[in-house]
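Going in written order, the chains are labelled A, B and C, and every chain counts its residues from 1.
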Amino acid sequence: MSAEQLPSLARTVEALLFLAGDPLSVAELAEAAEVGEGAVAAALALLAEQYAPGRRGIQLRELGGGWTLASDPASERAARRLLSRPRASTLTPAQAETLAIVAYLQPISRPEITRIRGVSADSATGTLLERGLIEEAGSSQFGAVLYRSTTQFLKLFGLRSLEELPDVARWDPSPEEQADLRERLLRAGEQRAS
Amino acid sequence: MSAEQLPSLARTVEALLFLAGDPLSVAELAEAAEVGEGAVAAALALLAEQYAPGRRGIQLRELGGGWTLASDPASERAARRLLSRPRASTLTPAQAETLAIVAYLQPISRPEITRIRGVSADSATGTLLERGLIEEAGSSQFGAVLYRSTTQFLKLFGLRSLEELPDVARWDPSPEEQADLRERLLRAGEQRAS
Amino acid sequence: MRRHGEARSGGDGEAGAPVGSARYGARMSLAALELDLDVFSGPFDLLLTLVLREEVDLLELALADVVLAYLDHLEQRGELDLETATEFIVLIAALLELKSRLMLSGEDEQLLDIEPEQAAAELLARMLDARRYRAAATHLGELLAAEHGVRFREAPPPLELRRTIIAPADGSHSPELLGAAIGRLLSTPPAISVLHIAVPRISVAERLEHLRTLLRRGSFSFEEAVRGADRMTVAVTLFALLELYKTGEAGWEQQESFGEIAVRARSREAPSSLALAGRAGGLAG
């Protein structure tokens, strides 16, 4: 199977189509490549031949007045398997901590989670929301969004109810201390942050 | 210029690489395409030939523990004009040092980084986190957040794995130079004591 | 011919050759330091350079001048880079600490308790470590530069291909993961020792009072005045003693280096009596 070298302009146009998510017009391509529209049209014709349907896993399509690269529909089954596989079933330490805080202290606001963790919880909260492990539960008196755990969370952790969350005393570095868990976590978080 | 038809599996692999932004391992590709890893490796070899540097506007690269498609650097000027954002490609010396320490000594805490650098690494660590070059990796026994490098780091630095980083000892001074340094330090210490 | 291990590239050879881009003269001049401030990137770097230029004596370096040079440098640049400024402050603090240790040589048992060989080995190890990762950083910079122009597709895959169709299995996560996370979050870092910062709880006035009480006996040894006291108290007592000397209330003498300091009351009318005083009697050991 041969694969000769594409002319320089066709390579540039190919790279631009690859990088851009949306269709690019001939005018846009010409401006970016600093050549005339005629030259771009010729390059596109060459690429259209290369990317003719059925030849490759990527196709060149003319859509909405512009050109774009798209995956071959024949690969749809594999693409679905790849892109919709269950997200990595492990939680990152940041996600596990954020989820634990929500599970044990719910409802709780993001600023409080941040105070306890000592670092921003935005990315972890976002992922947990997206994965359906936590959800919004109204707003605090200061207007901050509150979070609670979901039914999905209970299912994934094999819990019938929140009552079944393990007693933290087992992992507690100073179990003799008699303060409220929320208060102690906030205090520890502030000490770590200072 | 001819462009024959790629075999079906190579087309599927090409489509998957095109759709996924991040490097895909042979195992991931095999699972998505529902074939053995050997078949995927053969398809990748075929694609590698198609996408050999200089042939197309897109290159096939082995990076960060997997395979990914990337634009040919020759199209950078046009890409910059089109996307009107420069590729964030520079690091300040402080960021580069912090990244080097994390890459070599991961997982490592911020205080440890500071101790090695002799100056605070807070701002550099923040920027590296934001740029996705490092990420959190749990906490040390003293509660300090640990950091490790990301796949994004490998991807942007053109590395297949951390193993590709050269041994740091390579930059050590020769034993004679070290002996010489030690002697001078001792002499300085003696002068001080006298 | 001595081979210079170098903090940066270039420069070599006999005494006086520049170390890389750090253009130091035979003595580190202020102007040279000012030039170097553009490029220094860490105190260990500077320290390494200082040690390599063995003729530089920190004791002879006026750190206040270094600060002034830095301020001038900032003014010329017309902007304040916070990161560099922070590094400078850390650097100058490190140099101050080092210099104060040099000036207190021998006195500070706690801090200089280690053998010179051990100290040298430790410092060498730290300098080599810093240097190693600085070189590694340069290497990473080269790798990144070699990738210049390589871009990756950032467009998200079509939504219809992303929709989750396979649900993760029930009970696939262990609840213990959550308990352990809470345990981690409950842990606090060990208390940070601030002993070396020495909050002055002792005032000069207090120590003046103490010395004046002792002076009523006519004489005493400094050792006696500070017996059992911490370093800070010793230092403040010394200040108080200087104050008494200034006011003419006390004088002292020391027969030999590191020997006992005998303090005695001095009449304001006859300051010369100090010079004539022999080793004061009645000194406790």
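FYI, a residue touches a chain if its C-beta (ideal position, glycine included) is under 8 Å from a C-beta of that chain, and two chains touch if they have at least 3 such contacts.
Please read all numbers here as calculations on a predicted model, not as lab measurements.
Asks: Can you identify the chain nearest the overall CA centroid, using each chain's own CA centroid?
Replies: B
Asks: Considering only mean CA positions as chain centres, point out the chain farthest from subunit B.
Replies: The most distant chain relative to subunit B turns out to be C.
Asks: How big is the gap, in whole Å, between where the Cα atoms of subunit B centre and where those of subunit C centre?
Replies: Distance between chain centres: 35 Å.
Asks: Counting in whole Å, what is the centre-to-centre distance of subunit A and subunit B, each centre being its mean C-alpha position?
Replies: One centre to the other, that is 20 Å.
Asks: Provide the C-alpha centroid distance between subunit A and subunit C, rounded to the nearest whole angstrom.
Replies: 45
Asks: Which parts of subunit C, given as residue numbers and ranges, touch two or more other chains?
Replies: 151, 153-157, 161, 184, 187-189
Asks: Mind pulling the residue numbers of subunit A that touch at least two other chains?
Replies: 15, 18-20, 79, 83, 85, 93, 188, 192, in rising order.
Asks: Write out the stretch or stretches of subunit C touching subunit A in their complex.
Replies: Touch residues, subunit C against subunit A: 151, 153-157, 161-168, 170-189.
Asks: Can you list the residues on subunit B that touch subunit A in the complex?
Replies: By the definition above, subunit B touches subunit A via 1-6, 8, 10-20, 24, 28-29, 31-34, 46, 49-50, 52, 54-58, 69, 71-72, 74-75, 77-79, 81-83, 135-139, 143-145.
Asks: Show which residues of subunit C lie in contact with subunit B when the two form their complex.
Replies: Where subunit C meets subunit B, its residues are 2-5, 41-45, 47, 51-52, 54, 82-83, 86-87, 90-91, 94, 102, 105-106, 116-117, 119-121, 123-124, 126-141, 143-158, 161, 184, 187-190.
Asks: In their complex, what parts of subunit B are in touch with subunit C?
Replies: Per the touch definition, subunit B meets subunit C at residues 18-21, 59, 61, 68-76, 79, 87, 89-94, 96-97, 99-101, 103-104, 116-120, 123-124, 138-139, 142-144, 155-159, 165-166, 168-169, 171-174, 176-178, 180-182, 184-190, 192-193.
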